[in-house]
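In what follows, structures are represented as structure tokens.
Same chain, two partners: chain A is paired with chain B first, then with chain C.
Here is the complex of A and B:
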């Protein structure tokens, strides 16, 4: 008797539940186009709006020093504070900040004119160069340049004053005249032009390109040094730093005619299990001696590594070079006479193999100066007596006496942000201490959280033929699961014990630091791929046509496109991923599986190379070369014009 | 190879040629005194062939860059004449996208060269080639017949439309028969005009594009006849366009059936065919403009004209150079030269006020202009 009411109540509920579950399952399989799809939660596909993601929310700002510039009289240091939208002026007698001024747009690169009256500021967030009068620190003029300018150099030429600006986001170089402030040329650079150095005679400007490129999927990568005539803006040469990436520092050695680049020599085409051998990533300096030959020499020693070399400066007398190692919190001091002596006696084979010779650096490294966290930019006083080190994650500038090589003071800009978990996570991200012998940091492959343009052999079958493309961490919040096989449900899992064992070859990152690291990564915003002036602007006609193609449900002739093969199905807005595993016909001969995690597309225009192993160098190649039987979306009906439109649209995401 | 029939005008030239070379005769002795020639005259040719280090006998195009270096597009790669006079070749092994180079343009802002090839567009910058193809970029098609750079945009005339590459934004805009007034996609020539771009369409006349306004205007043969010009001076000579050139307000159309000129200021057309005018041949491979003067490269030599006065360069049967000068209202003058074009089949010309370079099917020729005194001598009877 008592069962009847129970059955009467529960049966409809059970049936409703089964029906709902069946309906959900049918819905999920139909909408995903994956007939074998198991259960996934509603929010797996129905994502939250972008404004709910960590990177879209307000976060604390810090007084992180970017570029620094010393006045010609040696009395003043100017410091770019990109996270504050400010430029600070420090008195070098008292090592105190004397003034600050607002410079909107993420001031990052600084340069002074010859007499120190004008300060030129590259603002990487707003794609502009601002001109400040150093008397009152007021902005006098501004000009738009390419995307994300990261540095700036001033020089005088026979044709007038020039500013050279590497635009890291648009892969080009702006050459500006100063009076009037005009962009004379914008030349193609390598990939991610980052830092700039003027030769002593002002006739050559060298630009370091941070990201590596490779001609073919299994070919050695290289970073380009772009050489430009500042007077005409013409490209003079494009020199290749073989097997190098993260080349983000460059300086001229005036008395020697040398150019020095900080570089990481990467061995991405062999299994990364070779970490123990110490040459997966070798940190060093590339020396271009003006004779067309470039020699890379290590900063590392056996069992002691100095990863992520960043800023580099040379003393005015050409006797010394200083290199900031951001991953090990050290400035390395190089005796250039000793280095020249070694170069003079070394044969070609020795020079060619120098970078992986762990017993070499003692010949020319004369000191290691400990610094605060994440030293990046360096500057010397005009007489070379003082070295200034921007300790980016300490919010300080270290002042070093170059005679004694001892610190003599610090310019304090902020408190270091130690109460900010995002900042703490950035410290974990940039420090190499969590890898075997401190050989590399997260930043070594993910500069600014982005990609390094490389594909790596992650211990798969064979040697150098089972690559996986590096993926950007910018904008990954909410796109879990991670990894190309989609096996890592969280960032903590991704960067957890297995990662430590396989990749870092050491103990895992302690849980508090791991949580901080995940917090930092979640707050990395997507990479901006359109000029700042276009942010919030409507799509161009071509982009709009591309958008319609992306969301097309029918071919041009009206034939329906199967749901599984519509772009929007797998690359579902707002993150442009359904976070599911899909096969798009790209299984390689060494791949154990043909299904891969659907990558998100926000900032995809800056994420080359493409597909899981980086085989596609451009977005076009995904469909023109590597599309098989319309498996990666139905593209066979596209005209070339339509493909161009689609690519233009994708570059706006 | 298409050959042109002889014409009464050519016969007249031939007669003068014969007379001028008869023993004891001097053709110019019979010429009346005239005003100085308004176009430069080549006094002497220097020739270069494979024996001199050229990588091929056939030279498709020639460009003297802003830094003074001479660049050649050949059937065997790109070639530069070095300071010591020797030639250096660049091929696929250097990064060039294809051996057959059909066009070269310089970006005056950056000094970069853009190279049209049979399999993609190459950029030579700082000694390094970068290939833009239909598969790795927005280039409409790999067969690139011509290239030009204007105001920060690279224009590539291809077998499937024209591609416009914005050097700043890196965006490609393709133009073909689906989004312009082009009647077909084959673009053979391209020439930047004043604020506009002229596209030479294989069988579609000329399309004028204003990039700022996004407008297109077609100039078509008014009579629509393929082989003949029924209505002279009223539009393009025919729709078949093998090349276009523009300078100083004048647009020139090269065709395999004659030459046409459009004065953009006066909005007037003039046309020339071999049978009725001094044009040395109807079969024009390309046309180059410098100032208001055109250099038409034909299968039988070069015609240089400002529209009124003509100077033609041919290769005589004895291998010597033959110069025909035709002034308005005067009988033609014919002279022989000790030197001649490397070959009468001329593919392209580059010229300025001081010299001219001729890309031919059998080598390269350098035309050294007459000095002012020589020019004066040409204007008066001895």
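Here is the complex of A and C:
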């Protein structure tokens, strides 16, 4: 008896549901331009605002030591605390912090003048250099430089005092005069200039560029050591370190005329069929001996690895070098006499092949000093008797007696942040212990969570058919699924079982640490690609023209652009991805599939190379060289100027 | 006494071993061994036993752990320090198998049921047991028609074979990085030819079989490799005329294992039966000295605790004139070695081999031809003295080759010039596991070298496939 009302009520609901589902499906296929699209939820495309993402929310800050500098009298250590916007001063008699001062903008690189009266601070978050008076730690002056300055060096030249600043985000080097504080030149560097060293005579300054570049897909990458005349700022030389990258440390070696550069040797062109024997990468030091030859030698051993080499310093007598290995929590001690002896007896072929000889380092490595988590910057006391190691994720500075090579104290800056899951995740991210023999860490390919600019041939069902460009982790929260084939639904899956099998070659990262790692990655903000002074400012006219091109629905002549081929369809704001698989005509001869996950575009200006296998060196090349029949957006009607405008706009995302 | 018994009962008859205890393999002194059937019968004659030695290491403080067995030896302590695995024999006619017993005492439990027996227990991560099987006949360890292979066995699971050598794979130990280090013979075509022993590693799924050390050294006997606390690999080495279960103690440094072979101790260490690491960096060494047994001077093995840099062996830690203490291991919890996520695809009929440059070698090519190789010939060992040619594949102009090959069978390689002359020859001595992608940087390439960063041209083509169906068989 009650069946009729039930049917009367439910039938319209069912019909409405079916109709709505059909409508949604039609809507999804129409809006995505993918007629074969299966079910996706509404929120797959209608994403939340950026302000709801983890990286946009406030997070705890820590006393992580960045750059460190010892006063000329050896009594004081200055420590940059970029995450706190502070600089600390420590008394080296008591190993305690005596003063801290606010320096806005992420102070990271430090340098003192010759007498220790002025402290120069490179602030990488606000693109500026600040000058502090060491007497009262008050800021005396400030000057804007390029994007994300990471280091600074002071030197005296015949033309006056100079400051050399590598700007890692704008790929250039600022040369400043000190009195008055002016930018004299800004010269193009390699990719991501990161660290700087002044030669003993003050006539040459060498800048290590952290990232490698390559001339074309599948060619050998190289990172540049940029050599400049500090007086004029002119480029003296550009030395290529073949297959080397992630050069974070550089130092002059007094008495020898050498420059040492910490590097990672990468074998990204070789299929990753294994990890052992440094198959994927290994760590070392590049030695420029001033004779035009650069020799790379390993820090690693045949069965032990010391990844992510970072800071490097040489003793005043030129007898020893110290290299921080951030991934293995070790400082390696190199006997430079032994290294010089090996170099002297080795022939050219041996020197050329030294870096792949994993059984070489025992000849010159004399000690490995254990440190706390993530040692990066190093400094030596003026007499060389004390080594200072910034233990970045411990919020401490380790003090080592260089005679005994034993720790003699620690300068405590903070509590290590062990109650912060993001910080704990960063520890997982930087530690190599989760890979076979501790050969590399997440950071080895994702410095600061970003890209290393390389493509790797991952192990798969076959060999040599899985060449994929590395993708930045900065700003990935909310852009799942992951991997170029979109098969990994979560960061935990991506970094757990998949990486354990194809890359780490050991057990999966334990679940608690895996969750911490995912938390850290989700909190990585997108890479800033515009100067700090332009953040929040309107687009330039060129960028605005590029924006209109990006959102164009018609060609210049009024012809409609099919929805599937409009930029905004796949690269849908606010994340600039629809998180779907799409073919843009880039299937290579070795690729098993032609559809790829649509990458997000936030920070895309810093993510080169582009396309799934990294074939496009620049954003321009996506359309000038690798566009196929207007499959990757309709670009055939663009003029060169319009393409320039589009690229300018993309670089603001 | 009563308190001790009560505590044992309260512990569920599984008392834990007191701190600092040792597990020791002992053989009776002065008892002439009967004719031995297997290599283990030689090493552990009837009456041999595994005991717990409790501090302060007096002869009256020994607990037998191998009760009920006619012979036992080769103890191995689990990573949590709670269990002892060892070789045991339940009767004179029985095969040797692996047993386990609570470290504090109890009844031994058999954990392997391998036809032909099992020996040389070692423990990997997650409770995985690694051992060799079958147990070769006495004097036939390196000439047995059915050589001992390595197996792995998870608790309550069936064993899985790991090695597919034509020679025995024995003496396994698990390194901290998770690899299995073991002893086998230097590859050669004629198994009756004089052989030298050397060290190899594999992953615990049988992939990535790799030479570790001593391949070029011409050592006649290597036994019981062990990883010390400082990472060095210690082992017993012996010359042919010193044939027997003892030798001098040598070591290699992991930083350069092919260049650093040396004596472990500063003093003469001949007559050593075993070395085992301790967490503190010292080494437990069982060394034969001479002692009076009845009216005759008889070698007796005693236990010494030796600092790695000691100038002399010092006084024994334990010496029982009635027993040879030939193997001693500290009972203690230690860090478990790393695990390994297997890349093996069960059931896959083939694996893939990539050589980056077959012309890259540390050895000169044989024959008069200086020309680079144009082809790679692959053959398989299909039985004692029987090899089958699988076929030839072209070599790319950069020397690279990629080929799919059958799995779990010993494979060998010849590089050929354009006229078909053999340039370099690799006896059938490596294998691929199902679905394994395997690569090498050259043929007889320099040891411990990483690849140069160049894209191998062979990867631009689909790999050739060679199977076992080719009828070409050569003796």
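Everything that follows uses one rule, which is that the second predicted complex is superposed on the first by the 646 of 653 C-alpha atoms of A that agree within 3 Å, B and C clash if a C-alpha of one lies under 4 Å from a C-alpha of the other, contacts with A are read in each partner's own complex, and residues count from 1 in each chain.
Please note the rule applied: a contact is a pair of C-beta atoms (placed from the backbone, for glycine too) under 8 Å apart; a residue touches a chain by one contact, two chains touch by 3 or more.
Everything quoted here is computed from the prediction, not taken from an experiment.
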item	value
Fit or clash between chain C and chain B when superposed on chain A	fit
Partner chain(s) touched by A:625 [first = chain B, second = chain C, both, neither]	first
Partner chain(s) touched by A:448 [first = chain B, second = chain C, both, neither]	neither
Partner, of chain C and chain B, that touches more residues belonging to chain A	C
Touching partner for A:271 - first (chain B), second (chain C), both, neither	second
First, second, both or neither for A:235, with chain B first and chain C second	first
Contacts of A:640 with chain B and chain C, given as first, second, both or neither	first
Touching partner for A:501 - first (chain B), second (chain C), both, neither	second
C-alpha centroid angle, chain C to chain B via chain A, nearest 10°	130
First, second, both or neither for A:648, with chain B first and chain C second	first
Which of chain B and chain C A:329 touches, first, second, both or neither	neither
Least Cα gap, in Å, left between chain B and chain C after the two complexes are fitted on chain A	20
Where chain A meets both chain C and chain B, residue numbers	none
Interface residues, chain A side, partner chain B - complex	146, 170-172, 184-188, 226-227, 229, 232-238, 531, 542, 617-618, 620-621, 624-625, 639-641, 643-644, 647-648, 651
Chain C contact footprint on chain A (complex, rising order)	218, 220-221, 242-243, 265-271, 273-274, 276-279, 282, 301-304, 353, 355-362, 365, 436-437, 457, 459, 461-465, 497, 500-502, 504-508, 589-590
Sites on chain C touched by chain A in the complex	125, 177-178, 203, 208, 210, 231, 253-260, 338-343, 352, 354, 356, 402, 435, 437-439, 446-456, 458-460, 463
In the complex with chain A, residue positions of chain B that touch it	67, 109-112, 123, 125-128, 130, 134-138, 140-141, 152, 160, 167-174, 176, 178-179
